[in-house]
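Note that the chains are named A, B, C and D in the order they appear, and that numbering of residues resets to 1 at the start of each chain.
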Amino acid sequence: MNDPAAHDRPPLLAARGLSFSRNEEPIFGPLDFALHAGEVVLMEGDNGAGKTTLLRVLAGLLAPSQGEIFLNGEPLTLARLSPQLALLSHQGGLKHDLTALENLRFAAGLHGQRRGLSPVSALAAVGLDGFGEAPVRQLSAGQKKRVALARVLLAPVGLWLLDEPYANLDRSGIELVNRLLERHAHEGGAALITSHGAYAYTSGTPRRIALRPDPAGAESQDDSIVEHTR
Amino acid sequence: MNTLTYWFHKLGSPPTFHRIATRVEPWCLALALALGAIGLYGGFVLAPRDYQQGDAYRIIFVHVPCAWMGLFAYAFMAVNAFIALVWRIKLNEVLAMASAPVGAAFTFVTLVTGSLWGKPMWGTWWTWDARLTSELFLLFLYFGVIGLHNAIEDRRQAARAASFLALVGVVNLPIVHFSVNWWNTLHQGSTVRLFGPSKIDASMLWPLLLMALATHIWFFASVLARARAGLIELDAGKDWVRKLAQDDAS
Amino acid sequence: MRPGSTSAACAALLRRDLLLVWRRRGDALTPLLFATIVVALFPLAIGAQVQELRPIAVGVIFVATLLAGLLALDTLFRGDYEDGSLEQLVVSPHPLALLLACKIAVHWLTTALPLIALSPLLGELLFLDPALRGLLPLALLLTTPLLSLIGAVCVALTVGMQRSGMLLALLVLPLYVPVLIFGAGACNAAQMGLPYLAPLLWLAAGLVLALVLAPLACAAALRISTS
Amino acid sequence: MREFFEMGGYGSYVWASLAVFLTVMAVELWSARAQQRRQLAQVRDRMRRSAARSRNTP
């Protein structure tokens, strides 16, 4: 439902001239893009291309070297709070000594809870009902990723920043992620996901961002981002 | 941009600062050595013998300037650390980190000369005199800053973490001084004024001030040298450093 | 408390951390055992006569408590940093300083409070002057939160490093000096019959200051070390 | 001249403290200069390595 009305509201996430360099080596070049409601953007790049760094900058964990980030039209500064986004990072952010439900209850306390969703129903939504009482330590890597996805699902936020959501997931896991992304986009949310796997988000061609506009003429991707055609 | 900020901005760019530092440093060094020589001559030869402490008091011509320098270096580091943290200016990070080892060296000399003076006066190498104790913990603060700076790989982040610790330390210094004084009165009663001749007359004063000036100029010479090394390390990828390396080799 | 409000977040964080400590309650005992062992070493080294141990009893207990707290400090952020939940705190919509204050409070509750409860026993091991039995826990009650708050700032600076134990001690100990001086000094002054209220008031003033400033400094330090 | 060096019996302490001062300052400045030379040497190594790498990759 990519209704035009979604475009006059300020984009959920916008970056202007955003670049980051560590010890004088540029990690990702000047980026300009905007993310409107209902869009899923895939960020590709071989590992080490700065995908995780960009997500950490957008989440407000890292200060960019240049450029600005706007959440719902307001500039994001490190000090200002960023209540509109949920971050899924490699480690997942789960305490291994606690059970899956305890982790989700904590996340609900910290970020709040999406209407109509509870820790138990979020766990069911990622196909883990019945695993609520199992300590996270005993879950497999794929199951841990699903609990982390349940945490992101539970957060009442419009913007998802997912770092390698498909890692450690089996076939049904990948379909689960695609379903969640589609439902999230359908409900007016937006998502920025990083992956180096080709199978990512097969339903519809998501918009792609080149991390560094390669000087040799970005034939596949230039600054004018091709619109999301779903 | 008015001329002041233009000049300050210009100085801030590493290659310019490096060029200026390279020119200024030898002169600082020469001046410091000259002033130091005169000061020491004044203190060790011209100044009269103290009627109470005899010639032992001459150690103040080394001890006191170094004590002042230890504190001045920390203040210099704290100011640069504050600017570096707030405005993220590369030059101030480098200057803050450059002044830490120099300050530590001066504090170390203060402690050693203090104990060298305590031996003839009090018969023991170490006296838990309030000021010496504060100096000891100032030295530990310096080692903390230097240790933290070396422990982190990313140079910019290491400089900012160590700068933050330096600022925390600056808040802590007066508190340490106050608490050590209170502690001293608790355990030793009021101590006789240990350091310094019974009274300072003019012939003792001018060498002392001259030595203080010499150590300050020496401090800047050393900080400039270390800052140049720090800037080269930070800008290793840049071409002004590459050119510099080639010229240096030839 | 509406879920998602700051008070709910703090409550959730306190509950989670206490639950975590309860799950690993065996580990929570280590600071106690460490302090007891350190105190028990002194009579072996110095001799067990009352007139030798009593004068140093207060000092030994304070240093043992301080070192036990220092060892426990490392666990304050390390677990959260490694499994990514520290990032979740930073990204959460609530003031980071407040959340860190909650974490420091739980850390103090689970490491220092047991030590204070243990201090009368440690006092007996060193023939502590009976007149001080009431004052020692009070002085520790004022000293240990200060140690935790100041220590948290330094831990935040070293959170990214692998082997930071010794460096943490080097950073923290010079900052602990005034706290140790006033804490142990108050008890020693009482032992010598001198007025001991002034150092306690200085400690209380320091504590109030640290309660406000330390979490803010800790949040700033965390942003520096995780950037 | 001799009693000048004796400094009224405190000679060893006075001259020792002067010696400590001069040596620490000298070592300190030498290490500052050495650091600079080491940094420049590292830059040269890196340049040589990158030059070599670009030569053998076509």
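The rule is short, and it goes like this: contacts are C-beta pairs under 8 Å (C-beta built on N, C-alpha and C of every residue); 3 or more make two chains touch, one makes a residue touch a chain.
As the structure is a computational prediction, the values presented were derived from the model and not from experiment.
Using CA-based centroids throughout, the chain positioned farthest away from chain B is A. Nearest to the overall CA centre, using the mean of each chain's CA atoms, is chain C.
By count of C-beta pairs in contact, B-D exceeds the other of the chain pairs B-C and B-D. Measuring from the averaged C-alpha position of chain B to that of chain C gives a distance of 33 Å.
Distance from the chain C centre to the chain D centre is 41 Å, each centre being the mean of its Cα atoms. The mean-CA centres of chain A and chain D are about 52 angstrom from one another, to the nearest whole unit. Centre-to-centre separation between chain B and chain D, using Cα means, comes to 16 Å.
In chain A, no position touches at least two other chains. The residues of chain B that reach two or more other chains are 236, listed in rising order. Among all residues of chain C, those that touch two or more other chains are 227.
Of all possible chain pairs, the ones that touch are A-B, A-C, B-C, B-D. Contact residues on chain A toward chain C in their complex (touch as defined above): 59-63, 78, 81-83, 85-87, 89-98, 102, 105-113, 156. In the complex of the two chains, the chain C residues touching chain B come out as 153-154, 157-158, 160-161, 164, 167, 170-171, 173-175, 177-178, 181-182, 185, 188-189, 194, 199, 202, 206, 217, 220-221, 224-225, 227. Within the complex, the chain D residues that touch chain B are 4, 7-11, 13-14, 16-18, 20-21, 24-25, 27-29, 31-33, 35-36, 38-40, 42-44, 46-47. For chain B in complex with chain D, the residues that touch the partner chain are 29, 40, 44-45, 49, 54-56, 58-59, 62-63, 66, 101-102, 105, 108-109, 112-113, 116-117, 119-120, 218, 221-222, 225-226, 228-229, 232-233, 236, 241-242, 244-246, 248-249. Against chain B, the residues of chain A that register as touching in their complex are 22-25.
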